[in-house]
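By letter and in written order, the chains are A, B, C and D; residue numbering begins at 1 in each of them.
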Amino acid sequence: MEKKIKAGIIGGAGYTGGETLRLLLNHHVVEISFVHSRSNAGKPVHAVHTDLLGETEMVFTDALAFDVDVLFLCMGHGESKKFLQENIVLSTVKIIDLGNDFRLGDKVAGRTFIYGLPELNRAVILRANNVANPGCFATAIQLGLLPLASKGLLKEVYTTGITGSTGAGQKLQNTTHFTWRANNISAYKTLTHQHVTEINQSLKQLQSTYQGNLHFVPWRGDFTRGIFVSSIVETQKSLEELNQLFKVFYQDHPFTHVADTMIDLKQVVNTNKCLIYLEKEGNKLVVHSAIDNLLKGASGQAIQNMNLMFGLDERAGLQLKSTVF
Amino acid sequence: MEKKIKAGIIGGAGYTGGETLRLLLNHHVVEISFVHSRSNAGKPVHAVHTDLLGETEMVFTDALAFDVDVLFLCMGHGESKKFLQENIVLSTVKIIDLGNDFRLGDKVAGRTFIYGLPELNRAVILRANNVANPGCFATAIQLGLLPLASKGLLKEVYTTGITGSTGAGQKLQNTTHFTWRANNISAYKTLTHQHVTEINQSLKQLQSTYQGNLHFVPWRGDFTRGIFVSSIVETQKSLEELNQLFKVFYQDHPFTHVADTMIDLKQVVNTNKCLIYLEKEGNKLVVHSAIDNLLKGASGQAIQNMNLMFGLDERAGLQLKSTVF
Amino acid sequence: MEKKIKAGIIGGAGYTGGETLRLLLNHHVVEISFVHSRSNAGKPVHAVHTDLLGETEMVFTDALAFDVDVLFLCMGHGESKKFLQENIVLSTVKIIDLGNDFRLGDKVAGRTFIYGLPELNRAVILRANNVANPGCFATAIQLGLLPLASKGLLKEVYTTGITGSTGAGQKLQNTTHFTWRANNISAYKTLTHQHVTEINQSLKQLQSTYQGNLHFVPWRGDFTRGIFVSSIVETQKSLEELNQLFKVFYQDHPFTHVADTMIDLKQVVNTNKCLIYLEKEGNKLVVHSAIDNLLKGASGQAIQNMNLMFGLDERAGLQLKSTVF
Amino acid sequence: MEKKIKAGIIGGAGYTGGETLRLLLNHHVVEISFVHSRSNAGKPVHAVHTDLLGETEMVFTDALAFDVDVLFLCMGHGESKKFLQENIVLSTVKIIDLGNDFRLGDKVAGRTFIYGLPELNRAVILRANNVANPGCFATAIQLGLLPLASKGLLKEVYTTGITGSTGAGQKLQNTTHFTWRANNISAYKTLTHQHVTEINQSLKQLQSTYQGNLHFVPWRGDFTRGIFVSSIVETQKSLEELNQLFKVFYQDHPFTHVADTMIDLKQVVNTNKCLIYLEKEGNKLVVHSAIDNLLKGASGQAIQNMNLMFGLDERAGLQLKSTVF
């Protein structure tokens, strides 16, 4: 009998905490040591994540016990750093942070974080003790651009992306009110979305000449899960060469695939996959990409990183049945 | 030039206040004197009802000026009575209350309210000074049962109804969070919905032998506007007789129609209409009915009542383009 | 190494065929021998089930090879019987039919079918060679009524249920046109739904005095997956006794659970679970139940039956991550 | 009593025919002479447009009687020209074509068509006998760019737009199947949408130096009505100057408004309005615009053109209650 990896979840009542929990419950090599939530301590987890009724009798705890192999930090942005400053976590405990505190190289308590996009950094993630999990839009946009950056092809990038309501978290707000959001579309953080910085950081890692000219317009969509992105870039390369470039780039990455026909969002909902599709007119290339914002864009990628950090099959616990419809 | 009716709206920032405002803006015989909202005083109404940008430059007021012909009370349940106790409104001002304070015969400040369902009470509404506008589910269910009550046919009634999110008001709550409500169905207030009382009151008005045995299960729907109801009752009458009964009962009511083929919710969304369809198997009759909860179920019916109270064409300002799709 | 079960899917291009395929692809003890589709022979399965891109390179076949341990028949109603009449399938091959041809006891080619509702018939399914998988509405409604029938408590039953668009299959039709169905509600087959017969058959199996008085109004919902049902019955038993009755009845059934708070549809979407919730006012009991129509209502239950027929853990391959949101 | 305008609708059973009919039914100066539909001749219009039950008893006709003042052609693309070639329509009958046959200057039977975008061509529409109504995406995109073109500011334009399912018409197709489209997003006609030509024609009319470099990625949205567009262009002008430019450009156009806060799609659904909002970062300007594709993008704009051609108030029959929610 294989020894199980002991995992703890901090911030287990939120969306990414809940998805991490759902994935770990079915991960054969993992044993969940605790699910932490200050505000829900003592309640069964299925009182909050009501779909888990009949799946688990675990109870939220507010006690912090760090006798685990890996900690998933699923807290609001800014809270992970504070948490690691205020609590002593043994350096033998690996940390995967789903917030945005460490994506740009910040350190805390002697810990250096690797940017956890396996398609970019798998070799170093394999040896990492601390991983900063990428943002959701950042994941979808980067996966559409990394192969181009790897060949020095990026200049100006024009990107529009649309995200589901779960991207906005559990908090009740006007833009997550059903009456407002149903059948509605709107834009937000036009050209100023916080993920642009981490995207540019990754693109520069592959293409030193890239100037960071990514013009990104995010839209709010009237669905709950998923991100669909279309980026326009200029290139003289033929569509055939470009498809070849992308397919080779992702050939040994199990979750990112280049399609030969138009993709749609629901192909990836409730999976850890990213699908990409390329189209070209004149010298304009359009790259479409789609992910589930809570899985490949958050908790699924966190588990993918855990698998790599612990030498497991990258796909362990992530062969998920898509919702499809 | 006809003299215009001067109207005031109390509680103009909520859903029913907003819909009343939208209807009155296009009502040729009405002039809106003021739109009252304590919390939004000083703001343009299009800052709250953003679809009205370009339609009106009116501003919310918190001043109470009762120099009007009619007041629409669009407040939370329980607040209308308090409002009329605390403020002196001349008895010459007609009042239409969209809340539930006066539907069961309560009086305030010398005012007696008529239950404002025109298909039941038009003759008295024509002479009324104060009208209590029916509830949304109450309207949809009653219109499906009134003709049966008029012939003494009701015994046990089993009703299921589904309502859009606007029925729950503007307040942010877990059951109006987009992430929860999208693609979801749930039940609430099973067999205990507050509208059952006013429905039974109306049915007894037409059928004194009716015992009030209405068993109503309300569901929350994953759409914003509309109510669809199916009621099952037992009767020996033939479907042909029943269709005849319903068509005669509603023949001079301009908004309620009996269809000859199955109805669906979107036939009535954004209109003041109620559509009804009858089916029969053995001795079980099923009556389907559909309304827009905010129009025939609230603000539209309030305008219909105003039209009657002021001797106007019952349809004035209510010939609305349905959304259809 | 355990010997794998060889499975074939007939009708693999439809919804239930696709879901059966998705489940079997992740079922550790099963090897898919072939996916049959006459109209798609030669195409990769991911050309039809586009979410499977990157999951499998299988190709549809129109060759019929019955060298398998189990056949899943995922065809239109009426076609399974014809298929088994026209093709010689060795009697050693177990058959699970997802259509409605054999639910009422029909035989074909020497094969007798067991009605495959594990919560009712698990003991005989364990020894069965042929299973007729229940209908989707039939599953949701029965699971809400079986414990009552087991105590002889059923007389008149009033049921309303709502189903997603996948219940209507892949065919393009007016009632599955997005423009019509989005945000819409309608009724169909009022009091005449074909599932009532199989429901009554099961209820009589447990309660010989039950007269078959189930009055069922099905609604079309504006979502893709899931069924939510509310049934009203009369009983003198206390809510406490009834909850106890239901919990004991389902205590060793891993997919059916009685909740202590109101349930909603999305708790079960993309899972094989059925959730039940009871409420009572006076002598009227309301039983709410929810399933995913394509899983517990079709392909998931088919796998559950396969697990039982082959002596596997009933839950094998069915511990699915719900979509939740 | 004012003499009414007699109107005929050719192709009255489709979406744009139905919307034109709905608008004309409530237009006080218009009398509908006939609604033509070959395939539905003899049926009541409410048999097809079921929301019109109780609104009109008109019946579809297949007889062509051109004793009218204005004909609305609501047919498939390519059919209008054929219709006017095959049928003799007196030159005194004004024609408004909702298809794309005459938008680029084609003539037929001695008729020259004016491109019917009032914000661009109102002066000539006022004197026109034949109007080619603009495309839906074309309307939304142009209204976001015309003021810039009027100052010679356009070079490269990057546009993403999303449209509701009604844009794809009534025909049943895979991309309008509810099961596919619900909660889904996809792209189509990337960089090759047919509306780009008419957009470029209009922009060149105002800015002769514009080279036609509009890069447009259209998306399919999971809603029925509406178009939301974001266009990125480069300019040195300040946001203040740009807002001023747009507000002056549209100041005497009653349906197009520049907002001071972010817009969303539902502000305009079921109205004839276009809302615009500008944002700027560095030298990149983003113009957001929103319309209802069936109204300002089709039938509403057709009525607006009719009003202008007949010297009526431009807003007649178009002061519509938005759906809002």
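Rule of thumb we're sticking to: a contact is a pair of C-beta atoms (placed from the backbone, for glycine too) under 8 Å apart; a residue touches a chain by one contact, two chains touch by 3 or more.
Computed from a predicted structure; not experimentally measured.
A.B. asks: Sort the other chains by how far their Cα centres are from that of subunit D and give me the top one.
C.D. replies: Result for max centroid distance from subunit D is chain C.
A.B. asks: Count the touching C-beta pairs: is A-D or C-D ahead?
C.D. replies: Greater number of contacting C-beta pairs: A-D.
A.B. asks: Per the centroid of Cα atoms for each chain, what is the distance between subunit A and subunit D, given in Å?
C.D. replies: Inter-chain centre distance comes to 40 Å.
A.B. asks: Between subunit C and subunit D, what's the gap in Å when you average each chain's C-alpha atoms?
C.D. replies: Once rounded, the distance between the two centres reads 46 Å.
A.B. asks: Please list all residues of subunit D that touch 2 or more other chains.
C.D. replies: 15, 165-166, 179-180, 182-183, 222-225, 263-264, 266, 269, 325, in rising order.
A.B. asks: Hey, which residues of subunit D end up touching subunit A in the complex?
C.D. replies: It is residues 158, 160, 162, 179-180, 182-188, 190-192, 215, 217, 219, 221-226, 228, 230, 232, 262-266, 269, 279, 281-282, 284, 286, 288, 290, 325 of subunit D that touch subunit A.
A.B. asks: Contact residues on subunit B for subunit D in the complex?
C.D. replies: 15, 18-19, 22-23, 26, 49-55, 164-166, 182-183, 224-225, 254-255, 257, 259, 261, 263-264, 266-271, 273, 275, 294, 319-325
A.B. asks: In their shared complex, at which residues does subunit D touch subunit C?
C.D. replies: 15, 165-166, 170, 172-174, 176-183, 222-224
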